[in-house]
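Down below are the structures I want you to see.
Across the two complexes that follow, subunit A remains constant while its partner is subunit B and subsequently subunit C.
Here is the complex of A and B:
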């Protein structure tokens, strides 16, 4: 399972982003997206395109956690959202591990080193993660795991913006926050 | 009973009975804003920021000592060691609700370190990531000034500075305090 997490200010300025992979069920914490060469741009594109859905969904109920709100089938990317009361948006894109049958065709374009390590780990971990959180992006367990993740990130986000040297709307460069997000990902996802 | 345990008992008692409490985050955010504003005003000249914080603290300390003596009602300290315990266990307790450890005395009993396990002024703080703040800014430098100002009013000239700070990535937050001299009452020069 690969994740791309981003924080957006109320005025849609990207404040923070990070890509990471699952650590559970044989994952090694490294993100392996479906299209490795373009993943960086594609993920940003996919995640930002879901903002329209967020803006619709945010008034539907009073919850801060909006659960799974959008899907982008071509990359089988699922997006979950979390809103803070001040209007910052946390968006998490998750991409379940690829089936081993597709692995060879999808990785032919990438370098052989990356391709071999990718298909190798996908093959070994697919059995272990078939019934786990990662394989069912819309299951209640996943919703709950993502909620826990979002809540923990939110707590750390609050501490970060309380720093006197952080100005509202500034990019979050704090390495402490980055490591806390990674830790939260390792814990819940 | 050692002077340290006696002092911590006094501090504890005063904290419970005589001290008005305010929200810690109010203090933290107010102080943080002051430091951040100073950094902006002096355009990232952190030496100057340290100096200004120390000066602010000095002015606070000169008044605060009166409040401290009125609240605590303690008498004159017999020696500098007792003074150190008084500062750490009573002074810091009633104004910040912390009790730094007094340690690393020199053999002549004129220098000691205060090691802070916690520092309410620095909660939430991350120093600016400009490559210099980590080496130059002493975020809590106001405390040095407070001690200097307060002790000067009770006839002790001291020098205080931070030697390490967890904000900079050090393991501990440590302030070094050294006694320069006891200030004697002097006659004005032209008095017969």
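Here is the complex of A and C:
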């Protein structure tokens, strides 16, 4: 599983972004996207294109964690969103690892048509080698793991915001913040 | 739970007396040369010598701590004096106070949610219930006003505000009023006669404005004196929501969002 995480200000300015891979079930924490040549800009493109969905969902649902909100089937990219009360958006793109060709076609088929957790978990039992978090982006376990990750990042974000030298909309450059996000990713994803 | 905290000024003290304490801190973790190169490589980011950055401090540490009222009064008096420099009139002065409060409101909003969230999860851990729901972001005007009237006021002043009203005039359905009978910020301020329109609670109005804006409710908030016999310092905070907010409010009402 590879991840791309980004923090956007209320006015859509990117404040922070990071790409990392899973550390669960023997992962080494390095992102391996399916299309490495184009991943750098495509990830940003996919993640920003989900903002429309976020803005629709944010007035229908008062939760801070909006769960899985958008899917981009060509890259099998799943996007989860978390909103801070002051309007910053945390978006996480997750991409399951590339599987053998017959399995990968099944993944894209199920993800684009049935986003339900049931079909996702049924798929995982057949692919028992991968861990539950890595293989099913829409399963309840994954939602919970992402929620934990988002909550931990939120804590660090609040600490950043409370700093008197930080103004809303400023890029977050702190290396400590980056390492904290990496640690949260290692812990939960 | 309660660990002995290092004194507040530990970081400052160890910086000011230079080499000795730095070496002592380095002894614990790594050789001094390594420490030196690391600080150079991190692009001028100064890490306190006890290695406690703001990210290592707990946000709930000062949750129940209370600030000395005298020091607050002193600080606020200085803020008013600072705002009063080179202003053209009372409105200008109030605008400046409002601008000082605004960023505070944005910050408090995040802090408030973080604290209610962390307390709700910890209480659910003890009762081992799975349905712990973190607080919801306010989507409509009324929940937002309740958030300001209750939790925000308690966070700031340790008590809820005294009243919450909606404008009765049909021409101004976008106006709401929050009343504080005796605002803490005005306790030690006596306004000169020639400036009797001034209300220094404009600072609090700025905080409210920051909270509203942060939640996505564009608003103008002003503080007005409205003394009664019993409460000579009674202040009314007038919240005027923008067109876009009122339009959205109608759409959400039709959609049945609470």
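The rule is short, and it goes like this: the second predicted complex is superposed on the first by the 158 of 189 C-alpha atoms of A that agree within 3 Å, B and C clash if a C-alpha of one lies under 4 Å from a C-alpha of the other, contacts with A are read in each partner's own complex, and residues count from 1 in each chain.
FYI, a residue touches a chain if its C-beta (ideal position, glycine included) is under 8 Å from a C-beta of that chain, and two chains touch if they have at least 3 such contacts.
The structure displayed is predicted, hence computed values, not measured ones.
*Asks:* Sharing subunit A, do subunit B and subunit C clash or fit in the superposition?
*Replies:* Here the two partners, once superposed via subunit A, clash with each other.
*Asks:* After lining up the shared chain so the two structures overlap, which partner does A:62 touch, if you call subunit B first and subunit C second: first, second, both or neither?
*Replies:* So A:62 only meets subunit C here.
*Asks:* When the two structures are overlaid on chain A, which partner does A:156 contact: first (subunit B), second (subunit C), both, or neither?
*Replies:* second
*Asks:* Once chain A of both complexes is superposed, is A:165 in touch with subunit B (first), subunit C (second), both, or neither?
*Replies:* first
*Asks:* Once the structures are superposed on A, label A:174 by its partner contacts, choosing first (subunit B), second (subunit C), both or neither.
*Replies:* both
*Asks:* As a test of reading the superposition: which chain, subunit B or subunit C, is in touch with more residues of subunit A?
*Replies:* Larger number of subunit A residues touched: C.
*Asks:* Tell me which partner A:11 touches in the superposition: subunit B (first), subunit C (second), both or neither.
*Replies:* So A:11 meets neither subunit B nor subunit C here.
*Asks:* Superposition on A: which subunit B stretch among 7-15, 79-87 or 169-177 collides with subunit C?
*Replies:* 169-177
*Asks:* What residues on subunit A does subunit C touch that subunit B touches too?
*Replies:* 159-160, 162-163, 174, 176
*Asks:* So in the complex, the part of subunit B that touches subunit A is made up of which residues?
*Replies:* Touching subunit A: residues 25, 29, 31-33, 35-36, 39, 123-129 of subunit B.
*Asks:* For subunit C, which residues count as touching subunit A in their complex?
*Replies:* By the definition above, subunit C touches subunit A via 42, 45, 47, 53-55, 57, 59, 103, 106-107, 109-114, 117-118, 133-134, 136-139, 214-216, 248, 252, 255, 257.
*Asks:* With touch defined as at the start, can you tell me which subunit A residues reach subunit B in the complex?
*Replies:* On the subunit A side, the touching residues are 159-160, 162-166, 173-174, 176.
*Asks:* Could you list, by residue number, the parts of subunit A that touch subunit C in their complex?
*Replies:* Its residues touching subunit C are 10, 58-60, 62-65, 83-87, 151, 154-163, 167-168, 174-177, 180.
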